[in-house]
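Each of the next two complexes has chain A plus one other chain: chain B in the first, chain C in the second.
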Partner chain A sequence: MEYVQPDTLEAAVSRLGRGGCTILSGGTDLAVVNRASGLKPECFVDICRISQFSGMELGEEGLHIGPCTTIAELAASAEIPHCLSQGASAIGSPQIRNAATVGGNICNASPCGDTLSPMVALSASFVLVSPRGSRAVDAETFFLGPKKTVLADDELLTDIIIGREFLKGTSAFKMLGKRKGQVISQVNAAVWLLLEDGVVAKVQAAFGSVAPVPLRARQTEAFLTGKELDAGTIHESLAYVKQDIRPISDIRASEAYRYRLAESIFHDVLKQAAGLACC
Partner chain B sequence: MVIHFTCNGKPVTVDVDGDMRVLDVLRDVLDLTGTKEGCGEGECGACTIILNGKTVNSCLLYAGKLQGAVVETIEGLSGDSAGLHPIQESFLEEGAVQCGFCTPGMVLSTKALLDRHPDPSIKEIETALSGNFCRCTGYGKIMKAVVSSAEKLRDSREDGHQSGTGLGVKRG
Partner chain C sequence: MAEHTIIGKSVRKVDGIELVTGKAKFTADMKFPGMLYGYELRAGVPAGIIESIDASEALKEPGVHMVLTAKDLLGPNLIGVLPPFDQPVLPDREIRYAGESIALVVADTREGAKRACRNIKAVITPIEPILTMEQALAEDARKIHPQGNVTFSRTLTKGNVEQGFAEADVVIEGSYTTTFQDHCYIEPEIACAVPSGDNRITLYVSCQSPFHIRGHVAANLNVPASKVKVVQAYTGGSFGGKDDAAVEIGILAGTAALKLGRPVTIAHEREESIAGTNVRHAAEIAYKTGARKDGTITARQVKVLLDGGAYASESPFVTMKAMIHASGPYAIDHIEVESTSVYTNKTYAGAFRGFGVPQVTFASESEIDELAKHLGIDPLELRRKNGLKAGDKTATSQVYDQSVGYLQTLDAVEPSLRETGTKENDGRYLYGTGIASVIQGISNGAEGVDVVGASVQMSQDASVLVGCGLAEMGQGSRTVFSQIAAEVLGIPVDWVTVRQVDTDAVHDSGPTVASRSTTVGGMAVKQAAETVRQSLVKMASLMFKTDESMIVLKEGFAVLTVDDTARIPLRDVATAAYWTGFPLMHLAFSQAEPADFDHDTHQGRVYIAYNFGTHLMHVKVDRYTGEVEVLKHVASHDVGKVVNPMAASGQVEGASLIGFALGHMEKVEYKDGIIQNPTFADYAFPSIRDRIPTETIFVEDPTPHGPYGAKGIGEPPVAAAAAAFANAVSQAVGHRFTHIPITREDIAAVLQEEV
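And now, the complex of A and B:
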């Protein structure tokens, strides 16, 4: 098998253009899948030596996060919106977080990936590069289904951008699983909030593990916008959460339980983002 | 592919497929069988090693990732001395070892924690060990062993510092 470690984006894209490649970032998901399937990849393109792919930088458009930034780095970061570092902290174990990367979590496109709902709530933009050129895709339209994205075989996620607007305001994330640590979300939710004098100027919320892709909670957002954020409003908003999600029953939770969980989690994240005493 | 890396302080070169698991490189190529395979899918932490100062699951790590890296395994813990590392001593003293299969991973997660935080809180210890499963001890004695090894290491650092400055009263 071929294992290449390009140190420039150009070299990586050029190798991808010749075909037969599996892009390797942290490898924590890929190693499990490849071992279970017994498939041997023709070529691994390990992208983690491309220096611009690691770390975070504030630019004109907003905060750029390199796709090979580890989940542990995100979890420890005070530069990124709180919901994203909380989402990162919820993933796996210390060992997994040290190896796994944010780009890997995104491109793996598991409906329960804990950085996905924060990315959607923050309207993150993903820059995709292939031998044919470059395009930017919104987080919300990037995911097509479980493990399915708009990425072409020879296309690489090269940058994650959180717009300047979303570096203001407050945000929160919460997930629940069957135990406290090292667990996959039964439901997760992220909310980003801009309050002006106690009134919701703008809010964006997203849920994970309640549909084949992370979902924006548009009806809930519409209800909350322009309202004073008190206990009554928060309680009333929960009726809209039900309309925004489409959970199913599976090995991790039943549909009915996920509906209840989504309401409960949304209640908590909204209060947390608003800085109200909570849970 | 030819891979050069540092293993337990010594330069090592192996010629293996880039998609070989680091766990297999250590156990089957380098004969370092202290690193254990438990679940083989990143849940249990028995295969924990320290890669460039951070704990990772060697069962999920491809050999290509070792190029130029610095690896510590349980075999390297006591350095060139014949004795045990203070963390290993504490695990024995506190009875934190039963079947022993999780122990190398537990000890390495403890070392990575104490290298960063010499005086960790109980919560920090719990988080640091949350990726290491033990099915024998119930964790109580492991927690005690981590606390006691942190004390030992702090004492020895203090001694080292004091002997260096010529002040020298041992704490405790």
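And now, the complex of A and C:
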């Protein structure tokens, strides 16, 4: 088994081009999956030595987040939209958050990943690079199913961009699991909100753990847009949440309970984003 | 009462520093030259017949040294707690649960051994598994063991329940169920066997009953017990779980080590710990309770069914314990309890902190609340009216003339009943309060003889080494034994060392179970220390040229009673005693008063003492999500005498969290006989953030059977916390939950209202 730690993007892409690679970025999930499967990939490409992959920077298009930025850094950041730092805070334990990376969380593409619904709600853009070139993909279209993404075998996530528009406004995230800490989401939700004089100018919401991929809540968003955000509106919007999600029953929660949680969590995040007293 | 200088003080854990700094060496930290690693292949089907196991491909892999199957074992291939044993180390033919080990691979690395397991070809013909107690007890059911599917069944009869129900104004009935719970110690099971040149084998193992392991390992290696040395390594929790499993991996590691002449370690992964080794029994319990209008309970009739899984393990004793405790801490004239454990094709159930008491206590205390509602009597008053007092007859008609502090525990929690705090109420939250009481027998009692041997050895510098066969597994026995030795000998606690349990060096003290360490173990340490003290006092009297009655030992000195400044350092006394030939070491035995009861009715003397307790919980329930916040938890227990308030409170907090998790969170989920959630990702073991705000109030009603009057506290809070939680949530939601755990999802399902 080969293990490489390229220092540059070019070196990483070049190794990827030769095939047989599994990308390592923190490894908090990969290590567990690998132990369970007993499989040995041909080559681990550990990308966390590539300096441009760590940290956050404000650019023309918006906020760039390097894929190897740790979950702990995101959790502590006041620069990023609140829902994203809240989502990061919800992941694992302090030890896990120190090792895990945002790129790892995204590319692992678990439907319950807690940075995924914030990325979708914020319409994040993912830059993917391969020996064949570079392309940008919207968070919403990046995920294809549990552990499945549009990434080709030789392709690497190199940049995450939160557009300038979404650095304004307010946002919130909440998840619930079977216990309070170190737990996998039964349902999570993120909402980004732009209020003008108490009226919803624009809203984007996304749910995790309610479908094979994180889902945008388009019907709920449509209902809320242009409305004054009061308790009545929030309550009415919950009927649309049900239409936006399609949960299943599994070991973590039943379908019925996931519907209930989705409504409750959406209620809470919407109020929180709007700065209304709640919970 | 005599003033104590160390007993009753919050002495810090004597092994705390090495544990928190990482200096303590656990079994996994031990490395020996040439050490190999074993990994067990598990059946994967809940019931089946092994047709063949072909390991030839696995043996070809680099680094693989050996594959053991049943035919390679050296002894009878039989383990268990009670003869006749029913559990093979590795089955030679019939598979009885999916997590059962059927082969062991030994390789240079653990990963290599695990990978090689995948290349063993086991041909297994599946059998239709028996997965419920109903299936197991059906008349035409296949027999999981030759004697049938009933593991153990007994009935307790006190008075005549028919007469009791005839005297009642109201009779209520209820059915309750509980689920399997895993121990979830942070350190999974591990054993390391090291063969030595003198034809002996040393087993370093995380365990709680070293001598039980030694006996089984020796028998199954076909060597005399004296050829096996068991060293209990630092143990990262056990809670009843590291007995059967430690025996199993101890034998497997020992067999491989003997055959290969090299050290072999077997360390379980979490999945193996949950699916492969014992859990708490799931239960189905039916109650019928009769009472007069004034609240006097006239009769209780109980039927307890315990799902014991594939093997007996501790099922017989758990069955007995559930039976004896099912009627609760109440003085009731007419009681009948039928208690039965049943074999099924699931992971075997065995010992787990509480030992059958949590299951029946949840059911019993739920029913007491229902009775209170029915009669229109306050739940606490109903308990007070029926509560056991000194001089009353217990369920087994045993009478204690002291140390029955039950009513004081009710008094202790009562002021908190009305302290409900501010209730936010925007219609979202529901609030409820629940109380529940527990009675829990201390010592082995009806489960067999209860002897502890403890040695106290003083060096010439007056430092002390204590040896006892009971295991420190986090409960604090080393600290308590240190305190007792220090108190008796008049020395600071840090002059005392309680040695690691090593079966070569300490006396067989039976298993570390039944909340007996402080009570029975502490008594032995005290007696041994008192004998050493006699030598010191005798020596000091010679040195002072005065009568022995004029001498006290304190602060590391022999001191004259009449002149506090007249002091001789104890090291001078100890040195002089040595040179004079006064013994400075003593091995003492403490034997609990043996049980003596009728084996048909179970009437008679069963336990040397009971711990009594009452817990109160205030809860806040989110009606949208079913989330429960425990706003207040008050736990009061009669422990006879508190030896160490900090350590005892720690025991109450830890046991209460296990009880809370049993009541609210944890369940082993099966599908077709396979456990679906064998990892902490999906098994809802509480995290530190789920801790509940336990406040402990101790009641001290001393027992003559424990040191300084002390009774055990390790187990009782589990049952009371689970039951108090169930009562609090049921009150908040306005719905009687008859099953634990009562999960968020269960609560939300009852509260169907829209958000």
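Quick note on the criterion: the second predicted complex is superposed on the first by the 279 of 279 C-alpha atoms of A that agree within 3 Å, B and C clash if a C-alpha of one lies under 4 Å from a C-alpha of the other, contacts with A are read in each partner's own complex, and residues count from 1 in each chain.
Rule of thumb we're sticking to: a contact is a pair of C-beta atoms (placed from the backbone, for glycine too) under 8 Å apart; a residue touches a chain by one contact, two chains touch by 3 or more.
Every value quoted in this text rests on a predicted model; they were computed, and no experiment measured them.
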Partners on chain A (chain B, chain C) - clash or fit: clash
Which of chain B and chain C A:Leu24 touches, first, second, both or neither: first
Partner chain in contact with A:Met1 - chain B first, chain C second, else both or neither: first
First (chain B), second (chain C), both or neither touched by A:Asp46: first
Chain B versus chain C as contact partner of A:Ile184, first or second or both or neither: second
Chain B versus chain C as contact partner of A:Ile96, first or second or both or neither: first
First, second, both or neither for A:Ala211, with chain B first and chain C second: neither
Which superposed partner A:Val137 touches (first chain B, second chain C, both, neither): neither
Overlap of chain C and chain B interfaces on chain A (superposed complexes): 181-182
In the complex with chain B, residue positions of chain A that touch it: 1-3, 5, 24, 27-28, 31-32, 34-35, 40-41, 44, 46, 48, 72, 92-96, 98-99, 181-182
Contact set on chain A toward chain C in their complex: 38, 176, 178-184, 235, 238, 251-254, 256-257, 260-261, 263-265, 267, 279
List of chain C residues in touch with chain A within their complex: 111, 114-115, 118, 428, 622, 624-625, 627, 665, 669, 676-677, 680-682, 684-690, 743-745, 748-749, 754-755
In the complex, chain B residues that touch chain A: 1, 17-19, 21, 40-43, 45, 48, 51, 54-57, 59-65, 67, 109, 127-128, 130-132
